[in-house]
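Common to both upcoming complexes is subunit A, partnered first by subunit B, then by subunit C.
Presenting the complex of A and B:
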């Protein structure tokens, strides 16, 4: 028995054996069957197999793994909960995946200075849960906050419904411990010092989509929970009225904590999902608007919002009467993407950003794209900051439909870029939108950014083939994808 | 440029194969079930085995991914597939968390059926499994005999002797742990009422209900069955205990033995054919009965009968809540918390009813347990087949059980045994009770006091 075990080890890939020495026998996956679940993240259009998945438990282990990969020319990348929607954690180059899920501790809470220190695998919503009894919370709230990790949020500079008022992840990061692509451990930012002189490297790292380094400790800003919250739900018979109301609310000087919109197809999806609210099936659009802050003045803001909606021919508008009702409205909204599974076998979510005032015309463009492609498109998005999420519904089992969906997605992004917008608000570029980077950047601008990457990641071993559309490399990458798929 | 880019993208697409390649052609996992999964990952934090291992293949979406991969021909029905599929507790917490209502539990059970067809259990595992699942649970008489033996063990002094000697120490820890919390065996209601057609209601009967006595329930927890009858009759229900009923088959289906599951299902469907309502006090059994139609996907005749049958099934707490029950007047002065059995909360959507029942009993100081609906690790016979994982899940569960409660109430026998082990392991002083027992005890107090008053 023992002898057989020893033989097994001997036949093993020497790299696996070395990695095993770093993390221990149980904290590594390397058999093809075990790796299969790691062939994609929340973006399922591309799939590729990793070489191994390792589960480090502290910074030293991460650093040792990275150093080993660096010395041995092995591609590698970091992965959190794997809920990313642009493919940032897909191992295109047979990477060693460094899973951060075992580093999931909250290390320290400093209420006086309003900050908390967490490990990267710590789940977003858990932070709020663990400090809410003391009257604090963590503001960035991506819809996947029930499961996504703060490390992943840093990599993608995640946003969320309440980022309209409070800003995205980068506005809440106070300090980072980072393992650089050669294994060196550095610290950025200093606790309690809001703005240090010199280049804002923390800003550079946040949202770098795992191409510049791997964060191992994160100091985040925590906020005092608002004294009061009021949530408004408004139903419109015309999409245009709904989108005009969005601009009107902001131009009226109100800064809602959140201002969300869903159109008819999206409503069909969420109502078929696990958290239906009972929205009327025949409305064309709904707005979910939340204001928060000190109690004085909240009522007034709500009145103001109701007035704006009425001016825009709202069919029905109501204020949440209890925390339970408010919770139901939000659960319905936040599980919206997943709920599309109930009305379509596959979907492709896009993440364009546009100037708010152009919302009616861009939505119209999107509906045109839907008509010409013959695919249904659901819109469920952060209207307040002009962050669109067209969800292109398709069935990958129908030959040619995936291609059609991709084409429609690209066209949606083009529509956003054409009105002076951007191709991503919060989901990142990853694999999905790297070609579309050309919509908003010139060759020179892209080149300049790639040079920055080279400073940190000169051998391009860390999360290679993501974020930028270098022509030659791009072709290589695609060849690799094709090959991996073919092998399977 | 746009066109060019799209074309480039399209050429790099993996081609999806949608045949049932590596599955047997009969009763394979249902494609429609996984079609709803968009891999969003919202299930991850709900899954006890993912939280412990951190590994995708032990998460709901990972398992769905693997089940789909077998159909796509990327994976075979082998040990590497069996491990994640059987490591699942079948607790259904993912079904609650899933925004698209993907029936992960159903997929897992179908996949297990396929695995057991491809690689039947051999060696001692096979012997043990077929002894319990085929030779024992479905047979009332044999179960009764086991009950008799256990009773003898407990009452004759052998148990005392065993506990005093070192014999228990050489047993694996999870087994000696179970021995330690074994409930006192009473008399099965099946035997007690074998000559009674209808157990009369207390007052004018408002309904007649049939009761599933369960296989283990009636041997190990016959007092709970008795309480169930008491509470039903107290609330003016006539109760019948159909003779030909058998084990619900949940454990068989969980273990991948779908053929035996089907056989038992047919027997129960027939046994309860003439009854309008089937009341169940074991969450796992209730859930299994409600899911009988799943077993007959390829058999329209039996599927229809199974559907009609499953409509009639209701958990005792839900039945009492829906039809109304008398609020007891006597008080039970205890600090109590409630544990959601997975197959009650996630499986049948029954959460509010048992809690309300507790709150309706005067004197009960109710404390809500955090994460009350996370699995305790019992999961049918999971704690026997996967003792290590079951232990880790239980440890996690115990962190959420308030320390100062005198009783932990729940609606499933498996959970009761597992939670009793947890209480013992952590040196707590909480009694484990079935929700219906508390109501019965309060009613009994009521009756005593009226008798008493009558005498005065």
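Presenting the complex of A and C:
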């Protein structure tokens, strides 16, 4: 028996054999047919095959895998649920993928101190579900929350509809255990204690798209659910009225928990999707606005919002009459991206951010881009934050249309960058927006960031080729000069 | 640029250079740093000067870069709820400017009249209301930083949500000026609350645990205080005239919601507690006095040594830290005025007395805090004392990475050399 087993492994890549020793025979995939579903994440335009996928169960195993890769010069990267929209988990360099999905335990809940400790593979929505009976919840709520992992959220600094009032992932992370690219384990923000002296490595790690280290334990802040919520749905005949209402609400001193917008094409999509709510087909834009907090104060805020909408010529505006109705409106919104599948074979999600007051003009630019490219663009986005999600609808079977879609996406980002905005508000740069980084950063600024990567990840084995544009000549020259100086 | 030569650096708090430069443009900052870097000069950075007693083993630097004249609002779009200001603007100047738009920067650090926003961000300072509004690191969305070689680097952007590249803002917030000179800061704003009030609940020493239970139930209830700060009897005596443990519970919302929550407090307060409510202007006046109570480096008067401690712990552990400090102060004969944030875990203690007393107070409190996985650092103490007490304590995970970052950004140790943890 023993002998035959040995034979079976003969001819097997020795690295696979070694990795198998760390995680066990069942916790590794290496046959090409098993690896197929790991050739991309939610950004499906690019594909590449990993060397293997391993499924560690604890920090020690992650550290041992990483150490092995480090010693043997094998590229590697971490993967959560693979819902990332910028290609962060795509194995561009035949990486060993370290899947975090088996590390999915909740380790500790401390209601008195309002914190919870979870493993990185723990699914976002599960956290809220596990504490909701006691009246608590975890605030960052990406639309993918029913599948995406908290580890992936940390890596992308994920946002969501309710981040307008409550902040994004980085504002809710209290502590991280991290495996560095050489296998060493460090703890940041131990015990979730705030403001530990020293540089804010935790803040740097959050949003670093898995290029600085692999997060193996996360301490998050949890919140008490608000006493009351009121949700308003407003229909507009003009996009411009809708977007001006957004600014008016914000300027009126109201801090909505969420302030979302959809335009006509987006509405067509969600109404054809799994959770239609019967939005009129002929409106140009809708706003979904939620206020929450002390019940006694909500009515006044809702009144104020209704008044603002009326001043902006709203066609119809209503307040959710039940939790059930509110739930339907949100399901309709949160499944919005996927719903585009009902009206288009493919879609590309973009993720620009602009100062809120520039909303009307930038939306207009996006419509112009749609017209000149000949592709429909649906807008479904976090208006209150100025975080746009133009969804570019295309058909990859039509030759040249994928390229056209990518180009239109880039143009949308340029339109955001041109008004002083950013090329990504929550989905990350990954491989998708690497080159667009130049829209907002100078060569020196990019280099300042790369110097930080070098500190953590000097051999660039961890998630190589992401985040930064391919070096330009200017930088190469600089590097050579530096090296010559160093030799001198 | 105003320049002063041969400045006397004899003072109690150190962190000064013999030449003081006060740039009035960013270019001047950049040129200054280039020159310092080329000539191998060590530079100490200063804003309002309140924090000169904060960190630093080296007493003297060659040059001081004072940002006190580099001030003013650069950009403010009320509808965007963001503001961009120069580093030397004081907190009070900034808040006064925003007042006209019914907006504010929601941080409430000490000495708003003297502290500059650059200094507050560099030290990651905050106050009791961080419980609800977050700390400095939650509010900064963009920076212009002048690197030690004079290069100007922008981090983040003027938008409230942004994940393009690394979150480089975080590198400079709380870095105590050891990586670059923050020139401009862009922050998120909040609307000024429509109404505010402050509930004060005082109990005798033997009843103090009832305040702990109350704090736990407040947090477990669906009310939304902006702070839950426990003052020890000495601080309470100074600020309220009542020598009793006092819990500060603030509310900021529309008036109806504030009143509703005051009602909750009235109903749930411990039987033995004395409750006062300060409304609107009275509440604001209270916070003003509160923010000015601790000493800072602008106060050069001799007399009794006073030091300021900051402790970090799990939120509710702040309660036991405040209590433990009471015990230790009697054992080592020092006087302590303290407050601890039961909703965020940061406490501040002003300790006065003999130097030996202070040294052993810090030592004992550090041991206690370490047991709870907390820490104690010293935000303000004379140079002399910094030789016997390391302001930063001796342990932090990831220190080797911090050293490498310093080396990558400021290889010649031009900026605030040895001001920070581990001699960075």
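The definition used in the following text is that the second predicted complex is superposed on the first by the 465 of 488 C-alpha atoms of A that agree within 3 Å, B and C clash if a C-alpha of one lies under 4 Å from a C-alpha of the other, contacts with A are read in each partner's own complex, and residues count from 1 in each chain.
Everything that follows uses one rule, which is that contacts are C-beta pairs under 8 Å (C-beta built on N, C-alpha and C of every residue); 3 or more make two chains touch, one makes a residue touch a chain.
Keep in mind the model is a prediction, meaning the values are calculated, not measured.
K.L.:
Quick one: on subunit A, after the overlay, do subunit B and subunit C clash, or do they fit? Just give me the call.
P.N.:
Superposition check on subunit A shows subunit B and subunit C fit without a clash.
K.L.:
Considering only the touch criterion stated at the top, classify A:457 as touching first (subunit B), second (subunit C), both, or neither.
P.N.:
Neither partner.
K.L.:
According to the stated criteria, A:336 is in contact with first (subunit B), second (subunit C), both, or neither; which is it?
P.N.:
first
K.L.:
Considering only the touch criterion stated at the top, classify A:265 as touching first (subunit B), second (subunit C), both, or neither.
P.N.:
neither
K.L.:
Return first, second, both or neither, reflecting whether A:243 touches subunit B, subunit C, both chains, or no partner chain.
P.N.:
It touches nothing on subunit B or subunit C.
K.L.:
Would you sort A:153 into first (subunit B), second (subunit C), both or neither based on which partner it touches?
P.N.:
Neither partner.
K.L.:
After the superposition on A, what does A:63 contact: first (subunit B), second (subunit C), both or neither?
P.N.:
neither
K.L.:
Examine A:119 and indicate which partner it touches, taking first as subunit B and second as subunit C; both and neither are also allowed.
P.N.:
A:119 sits against neither subunit B nor subunit C.
K.L.:
Would you mind checking which one, subunit B or subunit C, touches more residues on subunit A?
P.N.:
In the superposed model, C touches more residues of subunit A.
K.L.:
Thinking of the overlay built on chain A, is A:355 touched by subunit B (first), by subunit C (second), by both, or by neither?
P.N.:
In the superposition, A:355 contacts subunit C only.
K.L.:
Between subunit B (first) and subunit C (second), which does A:219 come into contact with in this model arrangement: first, second, both, or neither?
P.N.:
So A:219 meets neither subunit B nor subunit C here.
K.L.:
Please state the minimum Cα-Cα separation between subunit B and subunit C in the superposed model, rounded to the nearest whole Å.
P.N.:
Subunit B and subunit C, overlaid via chain A, are at closest 18 Å apart by C-alpha.
K.L.:
Which subunit A residues contact subunit B in one complex and subunit C in the other?
P.N.:
In subunit A, no position sits in both the subunit B and subunit C interfaces.
K.L.:
State the interface residues of subunit A toward subunit C in the complex, per the touch definition above.
P.N.:
So the residues of subunit A touching subunit C come out as 110-115, 135, 156-157, 159, 163, 167-168, 170-171, 180, 186-188, 190-201, 203-204, 206-208, 212, 224-227, 247, 250-251, 253-255, 293-297, 300-301, 353-357, 382, 385-387, 420-429, 433, 437, 440-442, 444-446, 448-449, 451-456, 467-468.
K.L.:
Would you pull the subunit C residues touching subunit A in the complex into a rising list?
P.N.:
It comes out as residues 77-82, 102, 124, 134-135, 137-138, 147, 151, 153-155, 157-171, 173-175, 179, 190-192, 194, 216, 219-224, 253-254, 256-261, 310, 312-317, 344-346, 373-375, 377, 392-393, 396-399, 401-402, 404-405, 408-409, 420-422.
K.L.:
Quick check: in the complex, which residue numbers of subunit B touch subunit A?
P.N.:
Subunit B residues touching subunit A: 1-2, 5-6, 8-16, 18, 35-45, 54-57, 59, 62, 65-66, 69, 74-75, 78, 80-81, 96-102.
K.L.:
Would you mind writing out the residues of subunit A in touch with subunit B in their complex?
P.N.:
29, 31, 33-34, 36-38, 40-42, 44-47, 53, 55, 81-83, 99, 101-102, 121, 123, 144, 146-148, 273-275, 335-342, 345-347, 396-397, 402-403, 406-407, 410-411, 414, 435-436, 438, 478, 481-482, 485, 488
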